[in-house]
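These notes open a run of structures that come right after.
Common to both upcoming complexes is subunit A, partnered first by subunit B, then by subunit C.
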Partner chain A sequence: MQQQADANVKRFMYVNRKAPYGTIYALESLEVVLIGAAFDQDVSLAFIDDGVFQLLKDQDTNAIGVKNFSPAFKALGDYDVNKLFVEKESLDERGLTPDDLMELTWEDEDDDWEEKPSIHLVSRHEMKTLLGNQDVILSF
Partner chain B sequence: MKFAIVVNEGPYTHQASDTAFQFTRAALAKGHEVVRVFFYHDGVNNGTKLAVPPQDDRHIPNNWAQLGKDHQLDLVLCIAAAQRRGILDEKESERQGKDANNVIDGFRISGLGQLIEAGIEADRTITFGD
Partner chain C sequence: MSILHTVNKSPFQKNDLKSCLNHTNAGDAVLLIEDGVYGALSGTEFSLLTSNCDANIYCLKGDLAARGIESDKVSDDVKLVDYEGFVDLVTQHDAVNAWL
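And now, the complex of A and B:
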């Protein structure tokens, strides 16, 4: 984790633990992230347990009559929200691989606007460390 | 210590609101400060003035309102979560062209920015919910 020079900047982590549909938690979590992006804090997202399903590509919700909100994740890079940590064990336990996830990127203005991946695969052990490094954890 | 409290579940169905209430009351009794209580998801239902629980049961919305009054707490219902669940204060009700409102005195409706701001201001942000 990078060190924060500005004492007014806190490390916020949004922890997403639930599937995207079935309950409203995932959608309302993303709403907080999008609003929170305006506050210039150090923001990261964690996806663990069924939360990893939120990032699946080619989501189609027509049959359940619920809005597919997954395209909104693609906007996060434009809001400088580019640290999405996905727990590898959670993927494994659900028979998923990183190839099943959306390609989410951001443009690094300090590196000639190069497109870089926003999704970072981390182990359960690394996730524990990341969680321990936060100032504010909002869990959904 | 400055606490921000987040309540993510509605009253009665879930223990979260009761536990958050008891924590908030205990923290205040110990001399701590509670910078804001933010109600999100179904938690916004804690702010209804239309709840009529049986007389031998606790009145969760009234208890929050009373605690808020006693300690000048900032009890905030998330506007986006409240609107989709039919929780409207007088102003929002008028703005949306509805003929009723149901937010109990002592709560106010505001945006998600209030949650982030509370997280910035508080020493600890504590979430009550699933």
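And now, the complex of A and C:
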């Protein structure tokens, strides 16, 4: 199936550089990712600059009257969206560590449904390479 | 004359916080709201700026909670306020300057 479809499969990368809630970009990006997941493409997400704030755990929006959309990231694994690349330098600059991020996993059907982490910490240099290897880049 | 300054943009993306902190006088207050609350994070290039500022720095609790920032991640020199505290700050100062 994968091999047959290869010619029609493109590498899509969604680049997230905005914090959640202050603007609509983060939510819109997630919506587009979920829609795009229906098309069986090779999808990955990049979190650079303020985009890393989208993945912080324990978000509680009760006081600001806005929907907390962070739980939706946990659904991505079920849509075979399991490559979330987080730039280490962006975390460092913001006083954050990978422990501050949500635990996002997916189940690998080719490996007895083993739960595997979806978040991959990459250096700025590795991110540069990833960006250079895409067919389509959608930036938010 | 004392001024309440509000900053609502992430300091990592816009220079509003930096510029605001460069234009405060003693007795002023700076309140971080919306994406401005990221300026309250400790261990960043901005935590030095806020601690060296002669104005009092405040941060809105609800906006921190929404973004998943626990109080232990906030710089010691930043005081947390709720919406009532926001109103108090408005009444305690002569004017408000929103850095948009």
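One rule holds for everything that comes next: the second predicted complex is superposed on the first by the 135 of 140 C-alpha atoms of A that agree within 3 Å, B and C clash if a C-alpha of one lies under 4 Å from a C-alpha of the other, contacts with A are read in each partner's own complex, and residues count from 1 in each chain.
As a working rule, contacts are C-beta pairs under 8 Å (C-beta built on N, C-alpha and C of every residue); 3 or more make two chains touch, one makes a residue touch a chain.
Values in this document were obtained by computation on a predicted structure and should not be read as measured data.
Overlaying the two complexes via subunit A leaves subunit B and subunit C side by side, clear of any clash.
Contact with subunit B, but none with subunit C, is seen for A:Ser139 once the two complexes are overlaid on the shared chain.
Judged by the touch definition given at the top, the superposed model places A:Arg11 against neither subunit B nor subunit C.
Judged by the touch definition given at the top, the superposed model places A:Asp50 against subunit C, while subunit B stays out of reach.
More residues of subunit A are touched by C (comparison of subunit B with subunit C). By the touch criterion defined above, A:Asp58 lies against subunit C but remains apart from subunit B after alignment on the C-alpha atoms of chain A.
In the overlay built on the shared chain, the residue A:Lys88 is in contact with neither subunit B nor subunit C. Touch criterion met: A:Tyr21 reaches subunit C, while subunit B stays clear of it. When both complexes are overlaid on chain A, the residue A:Val32 reaches subunit B alone and has no touch with subunit C.
Superposition on the common chain places the nearest Cα atoms of subunit B and subunit C 11 Å from each other. The contact sets of subunit A with subunit B and with subunit C never meet. On the subunit A side of its complex with subunit C, the touching residues are 18-23, 49-50, 53, 56-64, 66, 68, 70, 93-96, 100.
Listing the residues of subunit B that touch subunit A in their complex gives 6, 8, 40-41, 80-81, 111-113, 115-117, 119-120, 125, 127, 129-130.
Within the complex formed with subunit A, the subunit C residues making contact are 8-10, 12-13, 34-35, 38, 41-45, 47, 61-63, 65-70, 73, 82-83. The touching residues of subunit A, when paired with subunit B in their complex, are 8, 10, 12, 24-25, 28, 31-32, 35-36, 38-39, 41, 135-140.
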